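In what follows, structures are represented as C-alpha cells.
Each of the next two complexes has chain A plus one more chain, namely chain B in the first and chain C in the second.
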Partner chain A sequence: MSFSLYVEVLIQGVLTGLVYGLMALGLSVIFGVVRVVNFAHGEFAVLAMYAAFILFGLFHLDPIVASLPIAAAFFVVGYMLQRTVVQPFVTRPQHEQFILLVGLSIVIVNALLLTFGPESKHTDLSYSFDSYSLGAVLVDKARVYGAAAALVVTTALFAFFRYTLTGAAIRAAADNLTGAAVVGLDVKRLYAISFGVGLACVGAAGSIMMALTDMTPMLGPSLTLLAFTIVIVGGLGSMAGALFGGMLIGVAEALASVIASPSIKSMVSFSLLVLVLALRPQGLFGKAEA
Partner chain B sequence: MLVVENLDLCYGDAQALAGVSLEVRQGAVVAIVGANGAGKTSLIRAIAGILKPKRGRILFRGQNIAGLESHRVCNLGIGQVAEGRQVFPTLTVHENLLMGAMIPRAKKRRAENLDRMLALFPRLRERTGQAAGTLSGGEQQMLAIARCLMGEPELVMFDEPSLGLSPAMAQAVLDTIVDLNRQGLSCLLVEQNVAASLELASDAYVLENGAITLSGTGAALLADDRVRQAYLGM
Partner chain C sequence: MSDLLAALPARGKIALALVVAALVSAPLLVDRYVLSILLLALFGAYLGQAWNILMGFCGLLSLGHALYLGLGAYASAALYVKFGIGPWAGAFAAIALGVAAAAAIGWLGFRFRIEGVYFSLLTIAFAEFARIGFDNLPWLGGAAGFFLPVRAEEAGHWHNLRGGPIFFYYLALAMAAGALVLSTTLRASKLGHAFLAIREDAQAARALGVNVTRVRFVALFISAAMTALGGVFIAFWTNNLFPAQIFDMSRSIDIILAPIIGGVGTLFGPIVGAFLLVPLGEALTEALREFGLNAPGAKALVYGFLLMGIITATPSGLWPWLARKLGLMEKQP
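So, the complex of A and B:
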C-alpha cells in the first residue's frame, strides 16, 4: 500500500473521530455531572439521524447545517427528560438507573422501527462524492465539513463551561455536591441543563453523521458502545479526553479497516479499550481516583 | 430571627436529632456545644435544607422553612460555612467566590461584594486565579467564609471553622467571626474550641446524642460544672 493512502486514512480517521468525539462528549458530560450513565446514548444519536433525514427530505436542509437546530431541540428534550424521568433516579441504585435508560433505548428503537421500518437510509448531498486533493491524498468533502461542524460545537461547549457562570456552576456541582448545596446552587436545574447539553452533543453528532454514513434504527447499540469506548479510553468526565479518545478510535478503526478488513473495526477499538483499562484504568486524560 | 421547634431527624432508622429546640435572636452569636457525633452538623444541615427533618418546625423570620429546598433557604438569607470547608477544588478562587453569589438575592451586587471580599481577605486577592484545591487549610477556610458572605446572608451557621488550622489561623477565623457579628451578622457557631466559642456567645446550647441537654447564656455555661468537666477538661 502506498504512503499517501496511509496519510489519507489517518486524516479521514481524525475527521470522523472528531464527530465521534462530540457524541462521546455528551455521554461524558452527563456522567461527569449527573453521575448517571446514559445507556440510551446511541439511540439518541440515531434519533438525531432520523431528524436530520426528515429535515433533508422536507426542506433539503443539509444535515451538517441541521445539526444546530437539532442540537437545540435535543437540549430541550434532555432538559425535560432530566426534570421529569431521570431526576428521581439520581439517588437510586445504579442498576435501577440502568433499567430506566435501557428501557428508554428500547422504546426509541422500536418507535423508530414502527415509524420508519428497518430499511437503511441515507442522504444524497451534492458533495457526497467530492473530495479535496492534497497532492496524491484525497479527503472527503463531507468529512471535512462534518469535522468542522463538530469542532465548532465542541468549542462552543468548552467556552460555555469555561467562561459562563452557569458553566462554572455545573463544574462546581460536579466538583463538590455538598459545596453546591451549601452555597445554594439549584442542583436539579444544573443537572437538567447538563443532561440537555449532553443530548445537544449527541444530537449535533448524529445529525452530522447522517451526512457521512447510512443509517438504520438498529445502529443505536453499536453507537452507545462506541461512545462508551471513547469515553473510557479518554477518561471518564474529561472533556478533552472524550475528544482525543474520539480521534484515537476514529484513526484506529480507519487504519484497521484498510489494513485488515472493515469487519475488524470494533475488535480494534475494544482491544484499545482493554489495553487502556489494563495500563491506565482512569483513561488517558482521567485523574486517578483518590 | 431563627426558631427551631422540636426537630427530629433520621438517617434511615438511626435518629440523629430528637426534639431539638433553639433560638437565634437577631444580632446574636449562639454556640452549640457537643461531642463528636452529637448531631451538630446534622442540625445545621437540617436548617439549611440539605437534610429533610422528620418532624418539627424551623421558623426564619416567622416563616416555616422546614422541608424547603436548600437553594431557597440560602436565598432567604441563611448562609453556611460548612464542616470541611466544602470549597470547589478544581474551580479558581475567583470562581468559588462567584458561586457564592448565584442565589437571586446576591446577583445584583456580585461585583461590589467580590471587591469587598478581596479587600477583607487579602490572601485571597493574591490567589484569585489559583485552583481552590491548592490553597492551604486556612486559606480555604477564608475562602469558605468569603464565599458564604458573597450571598449576603443575614444569619451564618459556622460548622467547626477552626478545625485543622494552626493556632494563629484559628484565632484569625474567630476574630473574623467577631468582626462580622459586630457589623450585624447573626451567627450560629459550632466550634471545637469550646471555651472560645462560649466566650463569644450570648447564648449557648449543649447537644448530646441528638438532644439539647443544657442551655443558657454563654457565660453561664462556661461556669457550669457539667460543661467544665465534659467539654473543658476541668
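So, the complex of A and C:
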C-alpha cells in the first residue's frame, strides 16, 4: 500500500472525525449540564439525516447548508423535549432515564422505518465525486465542506458558552447546581436550553453526514455508541476533547477499514475506549475530579 | 425456599401457590401458542432476576448482559456440535466463560474505579466487541449464524436438551423458580445485606468493613453465571445463533426492561415485568394485525411509546404499586 494512500486515509479520517466530533459534542453538552445520558443521540442524528434528505428532495437544498435550519429546528425540539418529557427524570435514577430515552429511540427509529422504509438513502450532490488533489493525495470535496461546516458550528457554540450571559449561566449550573439555583438562575430553563443546544449539534452533524454517507434508519444505535465512545475518549464536558476524540476515532476507524476490514472498525474504537477508561478514565482532555 | 415464604404475608403465600399451580398445569390447559408466550415470559423473568441481582441489589448498571447470554450460548453450542459434549457438561463451560468475561469487566471497572455511567458504557463496549468478534469468527459460522442440528433420532433425548415445547416450558419454569428462590435466599443472607449496603452507599459500606470490590465481584459473577446458563437454554431451544441477535444491544435492553418495568431491586418485579411485557408485545402484534397495520416498525413504535408512558407513570416499577394494592407487599428483610 502506498504512502499517499495512508495520508489520504488519515485526512479523510480527520475530516469525518470533525463531523463525528460535532455530534458527540451534543451528547457531551447534554450530559455535562443536565446529567442525563441521551441514549437516543444517534437516532436524532438519523432523524436529522432524513430532514436533510427531504429538504434536498424538495428544494434541492445542499445538506451542508441545510444543517443551519435543521439545527435551529432541533434546538426547538430539544427545548420542548426537556421541558415536557425529560425534566421529571432529571432527579430519577439512571436506569429509569435509560428506559425513557431508549423508548424515545425506539419511537424515532420505527417512525422513520414506517414512513420511509428500510432502504438506504443518499443525496446526489454536484460535487459528490469531486476531490481536491494535493500532489498524489486526493481529498473528497464533500468531506472538506462538511468538516468546515462542523468547525463553524463548533466555534459558534464555543462563543455561545464563552461570551453570552446564558452560556455563562449554563456553565454555572453545570458546575454547581445548588449555587446556580441559590443565585436565582432558572435552572429548568437552562436545562431546556442545554438539551436544545445538544440536539442542535446532533442536528447539524446529522445533516452534514447526509452529504457524506448513505443512511438507513438502522444506523441509529451504532451512531449513539460512536458518540459515546468519542465523548469518553475525549473527556466528558470538554469541547476540545469532543472534537479531538472525534478526529482520533475517525482516523482509527478509517485506518482499520483500510488495513483490516470495514467490519472490524468499531472494534478498534471500542479498544480505544477500554484503553482510555483504564488509563485515563476522565478522558484525554477531561479534568480529574477533585 | 424458607426465606421466600418468610418474605411473604399470608395472602402472598396463597397467591404464590395459586400462580405456581397455574403455571405447572398450564400445558394441560392452554394451546401451544399461549404456552410459547408463557415460556418467553418465564425465560424473561429468569434473565431479569439475573440482571436484578447485579443492578437491583448491588447498584451496578449493566447495559451489556447480552454478552454473557451470547457467550453461554456459543460455548455450549460449540461443545455440542464440534466435540459432541452434551449441554449439561457444556453448561459448566458456559458459566466458566461468562464468569471469565465478567472477571475482565469487573477487573477493569473496579480496579480502575470506572463507576456510574462509565461502568455501563464499559459493559456495552464488551458486548459490542463480542458481537463483532463472533461476526468475524468463521469457525462458529460468523455473521451467517451457527446452527445446532435437529435430528429425528434425538427427539426426546432430554439429557441433551432435545425435547419439545412442553419440555422447554418446564425447564424455563424450573429456571425462573430457581432464580426466584436464589434471589430471595441471597437477599436474606449476609452477602445480600452487603449488596444492599453497597447499593445505598459504597463509601459507608467500606467504612463498616465490607470488602466492596470483592462483594461487587461476587454479585457480577452470580449474575453473569446465571445469564450464561440462560444462554445454554436459548441455544438448545432455538437451535440457531446469530451474533447480530444474541449479542445485540437490543438484546441487553430486552433483558433489563422486565425488571425495570416490574420494579428494580424487588424479588417479584422481574417476574411481574416479564409477564406484562411479553404478552403486551404479542397483544400489540395481534391488535395491529386486526387494524391492518402490520407494517414493519408499527409494533415497535407503539411499544416505544408504551415504555416511555410506563416509566413516566410508575417510577419505582409496577410490582411495589401492585403489591400495595393487593396487600401482597414483600416484607423488607
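For this structure, a couple of remarks:
Simple rule for what comes next: the second predicted complex is superposed on the first by the 290 of 290 C-alpha atoms of A that agree within 3 Å, B and C clash if a C-alpha of one lies under 4 Å from a C-alpha of the other, contacts with A are read in each partner's own complex, and residues count from 1 in each chain.
Please note the rule applied: contacts are C-beta pairs under 8 Å (C-beta built on N, C-alpha and C of every residue); 3 or more make two chains touch, one makes a residue touch a chain.
Quick caveat: nothing in here was measured; it's all calculated off a predicted structure.
Partners chain B and chain C fit side by side in the overlay (superposition on chain A). Using the contact criterion defined above for the overlaid structures, shared-chain residue A:Asp175 touches chain B, although it does not reach chain C.
Looking at the shared chain after the overlay, A:Val183 reaches chain B, while chain C stays out of its contact range. Here chain B and chain C are compared by how many residues of chain A each touches, and C touches more.
When the two complexes are overlaid on their common chain A, residue A:Pro262 makes contact with neither chain B nor chain C. Residue contacts after overlaying the shared chain place A:His95 against chain C, while chain B stays out of touching range. Once the two complexes are laid over each other on the shared chain, residue contacts for A:Gly57 go to neither chain B nor chain C. Remark: in the superposition on chain A the angle formed at chain A by the CA centres of chain B and chain C amounts to 90 degrees, rounded in steps of 10. When both complexes are overlaid on chain A, the residue A:Leu165 reaches chain B alone and has no touch with chain C. Touch criterion met: A:Pro221 reaches chain C, while chain B stays clear of it.
Put simply, the nearest alpha carbons of chain B and chain C end up 15 Å apart when the two models share chain A. Those residues of chain B that touch chain A in the complex are listed here as 48, 50, 69-71, 73-75, 80, 82, 84, 86-91, 95-96, 98-100, 102-103, 147-148, 151.
Contact residues of chain A toward chain B in the complex are 165, 168-169, 171-172, 175-176, 178-187.
Interface of chain A with chain C (complex): residues 31, 37, 85, 88-89, 92-96, 98-100, 102-107, 109-111, 113-114, 118, 221, 225, 228-229, 232, 261, 263-264, 266-267, 270-271, 273-274, 277-278, 281. Chain C makes touch with chain A in their complex at residues 55, 61, 63, 108, 112-114, 116-118, 120-122, 124-126, 128-129, 132-133, 135-136, 249-250, 253, 256-257, 260-261, 264, 295-298, 300-301, 303-308, 311-312, 315.
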